[in-house]
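Next come two complexes, and both contain chain A; in the first it sits with chain B, in the second with chain C.
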Partner chain A sequence: MAGFLARRLINYVALIVVATSLAYMLAASALDPRSNYEARRPPPPPAVVDARLDELNLNNKTPVFQRYLRWSWSVLHGDFGKTTVGDPVNADLARRAGVTLRLILVGLIVGSVAGVLGGALAAVWQYGWFDRLTTAASFLVLAVPTVVLANMLIIGAVWFNDLVGAQIFLVSGETTPGLEGGFLRGAADRAQHLLLPTLSLSLGLIAVYSRYQRNMMLDVLGADFVRTARAKGLRRSTALTKHALRTALIPAVTYFAFTFGALIVGTTFTEKIFGWHGLGEQLINSIFTNDVNTVAAISCLAAFGVLVAALASDLMQAALDPRVRVG
Partner chain B sequence: MSGHVTLPDEQLAEQSSPGGVGVAVPSRGRVVARRFFGSWGGRAGFALLAVMFLAAFAGPLVYPWGYTDKDFTAFLTPPSPSHWFGTLQTGADVFAVTMRGMQKSLVVGLLAALVSTALAAIVGAFAGYFLGWTDRVLMWVADLLLVLPAFLILAVMSPLFAAGQWPLFVVMLALFLWMVTSKVVRGMTLSLKEREFILAARFMGVSPTRIVFRHVIPNLSSLLVVDATLNVSAAILTETGLSYFGFGIQPPDVSLGTLIADGSKTATYAPWTFWFAAGLLIVTVLAVNLIGDALRDAFDPSARRAR
Partner chain C sequence: MSDPTHPGAPVLEVADLSVTFGSGPSAVRAVRGLNYEVRPGEVLGIVGESGSGKSVASMAVMGLLPPHARVSGSVKLLGTELLGASDKRLAAFRGRTISMVFQDPLSALTPVYRVGDQIAEALTVHQDLTRAEARKRAVELLDLVGIPHPAERATAFPHEFSGGMRQRAVIAMAIANDPDVIICDEPTTALDVTIQAQVLDVLRKAQRETGAAIVMITHDLGVVAGFVDRVLVMYAGRPVEIGSVDEVYYHPLMPYTMGLLGSVPRLDQGERGRLTPIDGNPPSPAALPPGCPFEPRCRLAVPECRLAEPPLRPVRHSRHLAACIRAGEIERGVVTTVPKLPEIPEEGEERPPRESRRVVLGVEDLVKHYPLTRGAVFKRRVGTVEAVAGVSFDLREGETLGLVGESGCGKTTTLMEILKLARPQGGRVVVLGRDISGLVAADRMSVRRDMQVVFQDPMSSLDPRMTVYDILAEPLRAHRVREPGPRVRDLLRLVGLEPEHAARYPQDFSGGQRQRIGIARALALEPRLVVLDEPVSALDVSIQAGVINLLEELKARLGLSYLFVAHDLSVVRHIADRVAVMYLGRIAEVGQVDRVYDTPMHPYTQALLSAVPLPDPVVERARRRILLEGDLPSPADPPSGCRFRTRCPLYKAIGETERLRCVHEEPRVRPMGGDHGAACHYAESLDVV
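Right after this comes the complex of A and B.
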């Protein structure tokens, strides 16, 4: 087991290095930081622009490979370089990472728990009203892109706020700036801001997981070991949770690693549309401002995130499935 | 169908019914089609998608306004007999631009799905059939592409898609859709490889490449058809997301993504600018998903009727 995990880990690290390097090369050759200076009035003299770009390691007159070497050297020392305006990328991203992490964690927990529970219940009550309702709802949700879903939520929230004449749902940012009041008021404000972005992020996850979990659960429900568990006198609920659900969770856990990449993209859209100042918002902004170093740093973090998810799903699988632990 | 006919019986049956007279066994395609259209989801999905295609491609032919036309007497007007879906702030007709956007989204989605499924079939079948270094290299590339954030790469490359380079956009889109399917194909190839007809072909001296294309991939067709269908909706959704932020289809051309992005800014006081494009997109993806699901059931004889 340990040897298997170690080999996995080495492979993952190699993947992160190659993925990040590719992203840097691509960003460095496709984005054009020089154009940021050309738009200025009056345009700065070319020598000044060159000196500034050289200093930031963004000069497109230097060969890409040479820039890559200088960049990777500084990344090895833990420094992702500077943004196009000269601020350190590390400090900027460290501040934003917390925002994204909060959003992604809440979305992931709500999405996977609700999805797995909904799917399992739908399987237990197959062809009942709950099953029909969740199947129809998940089909509908899967057809709605995140960008449309987020905008629909905003439009609905504005309409609802107008209707009741109070700001119930807050649709922009993470907190209200300059809010007065105690801790409770602040917590309520955060919750009001968090509600819609979480929904926009987790509805899709709930739909995917409930469909998947329903199928897995149906496969398991008819299995002999569940009948045996009932026959030896376990209550139905115990047999279902301890034996059926636990077994049916194993494939879902594997699936988790695959959905994480989609979750990152979903977070990007959600942050940008709801005005959360996280990594995803910065990613879109940095492409528009030709910020090569920020793009490379965020893709490194994204690759890291996907692989942490893959590793977590390996570990969860080992925790759920005794055969993996022994074998 | 009687499943217990032994070989001599079969031969006897063939001999006794020369020229195919007797019980006509329906072809596999016909069986699948009957099961597909027999299901509620299959009929609904097919009808919806047919209507979408007809509207997107035939609609503009009979409609007086083109997608580049501007009506300078009507800015941001609600739906009316002269402008079925109303107009935008620029005076452009919402029906005309929406149909144009649908054309782009449908074509991009279909092509990207075809390319990615073909790629998945070839990569997966080669990896599974040849194993060894071929397998290691191909699956490592698949892992790498799974790790690379697709949205970021496509967004960074977006300047290349400007000025009518949308076929390149399709190829890039497809490049990030094939990985998971190729792993499934690889797994199925591993078991197919041991089957008698593959072994027979190999011992007859058929070249490995030919075996992969003539015997392995055709035997995975049901999986691939279903996968291609589901990839259509994945491609349409990705395209919408990219275009929404200005990284996909570039102006002056329009796609549903760019329309939804523009419409969302005016949606609260001019709902027609947002809801027609968003609604048609949702209906299209829903139709494709219904077709994919019905196809999966139709191909799989053991499928539970998951309705």
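Right after this comes the complex of A and C.
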């Protein structure tokens, strides 16, 4: 097992290096930080611009490969360089990674638990009202773009707040600025802020996961081992949860773990709309501001996230399925 | 109806059981009025072909049918009505009073739990035991059903068990709570014969330990003969005959039963008589004919048979019942079903002796090894699977060579290596006088024309999107035959189908008819050698007999040679002239069929033959079985010397010094008289059939 893990890790590190290098090359050759200065009125003198760009390792007069070497040397020392305005990328991204993590972790947990339950129940009551309802709802959610869905949620929340006459749902940011009160008050405030973005994020996940889980569950519902379990004297519900669901979880859980990696930069819309300053938002911003170093750093984080998710998915599969453990 | 051999009140009474799927005109009445009862210690066999409703009926008794099945009638277990009871109430009976052993042991256990825990679960559901007590009892049960090192094996997962071991574990689960009734649904169908013999032995032991009544559901008339007390024959969802096993086998009263018994090839009958297939196909449960459902296939049908479905009623005495209006006449011997069989054109007399006929297929020391790799990212070779490890045989003109062995013995790999027509990894293959390792593409094409193949599964070996005409014309077109039309019509007539069927698709045909199409395709190019890979194993016995007869007729008429790969030893005895028995990638014994079957020399052949059940109750009860221990060793790690020594009964009987030879020296096939040979240092003959 340890050997297997070590090989996997080496493999993953190599993949991260390749992915990040390619991202850097692409960003360094496609983005043009010089235009940020040329757009100023009056434009700064070229020598000043060159000096500033050289300092930031963003000068397009330096060959790309040379910039790449200088960048990768500093990355090896744990420094992703500076943004176009000279702030360190590390500090900014560390803060934003925290924001994104808080958002997607809750969304992912809610999404996968509800998705598994919904999908499993829909399979057990195949063609019943619940199955039809969840099928229709999932396709509706999948068909509506996140932007529309999120805004509909906001409209609904505001209407609800007006109806009850209290700010139950808070629709912007992570916390209320300048909030007074103790820890509990702060936690409640955070929870209120989390409600809507989590809902918006997890609705999409529930829609996908429940379809997936439903199919997995349908595959095992008629399986011989479920029949054996019932023939032993287990009641239908027990046999379904203990034997069918447990087995159907294996492919689902590994798939869920994988989506985690994709979500790191995949929540752009949710972050933008609900005013959460996370990685997805920053990736879009940095492309607009020609911020090569930030783009490369976020790409590296995303690659890292996907591969951590892949590793987690392998480990979970091994934990859940004894058949893959041998060998 | 009291039973002298099994006194006591019935433990399970099934009355007028019916199961219907769907509704309206498309409703399928899978079971239509099933009645039976079993008493403590009694074994009832339920026999029928696929679609007869036997498995559905047993699931209905267990209350395990899906909710959309409509069940009516009565199922009484120890006097308590089970039909209509809540899941909670039924769950209290299932596994405790009535338990079940299923057909496919490979999928019957939950893959993610340890075997011991799954057995313990059966205990803790019904009994107030601690985890430790349940585990301990599970180990005892595994020991009882003959799993070696039970304490260790209890912690294994199902995929670490072989098929036979999994079925033992399922049996352990079934007997865990000392049930009163055990329903066995085709418990050995998915297993090899030697493993089948082991499992039947375990079932007998389980019955002795629990004193339970057993309902044994199977299509195998041999398994029933030696195992059960009474037999119930089902056809089209109804019982058509029920009686003691001896009466039903020796004095059947229903033409269907007579047909079934006549269509089984027998291991103990060497004469090359024709089998008597039952004409036609079983009716679809959705569209039953009026009157007796067997009437369209019955040789004794009279016009009255079409009027009403005959009831099951006592004929000879109160305990032998049959559903046939002519049962009385049959009983008095007024009519019999002995059919008029078309004669096989004789070939024996004028055929020159074997030595002077030419070799159509010669195989010498054929080797096929597969690399065994590990690792998902970096594949590395960790061993070699010796699927075929030096196999030699020859097949002469006009001859059928049966290649038999259990799963994993390498018979299919051997066949595929021959069909590949490419240089083998080791050894030589000579087809019709040409060494296949030297063939160029054009030669290969011409050899293919002379060597054709029939595959096992007629459902998947025909392209569902091609009409029968296209399927049969394709080989002709590939070999540039112009105007395939007349040839296609001839071929269809040759295999007993109507030329008008050419425009239909494979899905419009039954399994037996499809296999006939597969045979017609193989014969399209007038080959001289036909390789048949388990051609009848997917067919029901009544259909199988017709296909076997067809193959024999075609061989005689067209002068074909067959390489017939099969696991069913009875079929091979019936159809083959010579037989080669394979074990773990090697030939164990080879020779004339009658010589090998009547005086097998190799201990493996002896065990294999003794394990095949005969459809003859008296003979079967008196037979001595040679039970092999354990499972087939892994072909990745075969035993040194003689590959069979780890399971060999002879090896156990001989002395230490003799054993050394078995351990160190690999036996070659040595002549045992004539062209009979066995690969055993200490071979001697034994009468096992």
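As a working rule, the second predicted complex is superposed on the first by the 306 of 327 C-alpha atoms of A that agree within 3 Å, B and C clash if a C-alpha of one lies under 4 Å from a C-alpha of the other, contacts with A are read in each partner's own complex, and residues count from 1 in each chain.
Please note the rule applied: a residue touches a chain if its C-beta (ideal position, glycine included) is under 8 Å from a C-beta of that chain, and two chains touch if they have at least 3 such contacts.
Fair warning: this is a prediction, and the values are worked out from it, not measured in the lab.
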First, second, both or neither for A:L31, with chain B first and chain C second: first
Contacts of A:G178 with chain B and chain C, given as first, second, both or neither: neither
Partner chain(s) touched by A:P42 [first = chain B, second = chain C, both, neither]: neither
Chain touching more of chain A, residue-wise (chain B, chain C): B
Which of chain B and chain C A:G165 touches, first, second, both or neither: neither
Touching partner for A:R323 - first (chain B), second (chain C), both, neither: second
First (chain B), second (chain C), both or neither touched by A:R227: second
Chain C-contacting residues of chain A that also contact chain B: 11
Chain B residues within the chain A interface of the complex: 143-144, 146-153, 155-160, 180, 233, 237, 240-241, 244-245, 247, 257, 260-261, 264, 267-268, 274, 278, 281-283, 285-286, 289-290, 304, 306-307
Touching residues on chain A, where the partner in the complex is chain C: 4, 7-8, 11, 222-236, 243, 246-247, 250, 320-323, 326-327
Chain A contact footprint on chain C (complex, rising order): 62, 64, 66, 87-88, 91-96, 99-100, 102, 104, 107-113, 121-122, 125-126, 157, 159-160, 170, 173-174, 177, 374-375, 377-378
Chain A - residues contacting chain B, complex: 11, 15-16, 18-19, 22-23, 26-27, 30-31, 135, 139-140, 142-148, 151-152, 154-155, 158-159, 215, 218, 258, 261, 264-265, 268-269, 272, 283-284, 287, 295, 298-299, 302-303, 306-307
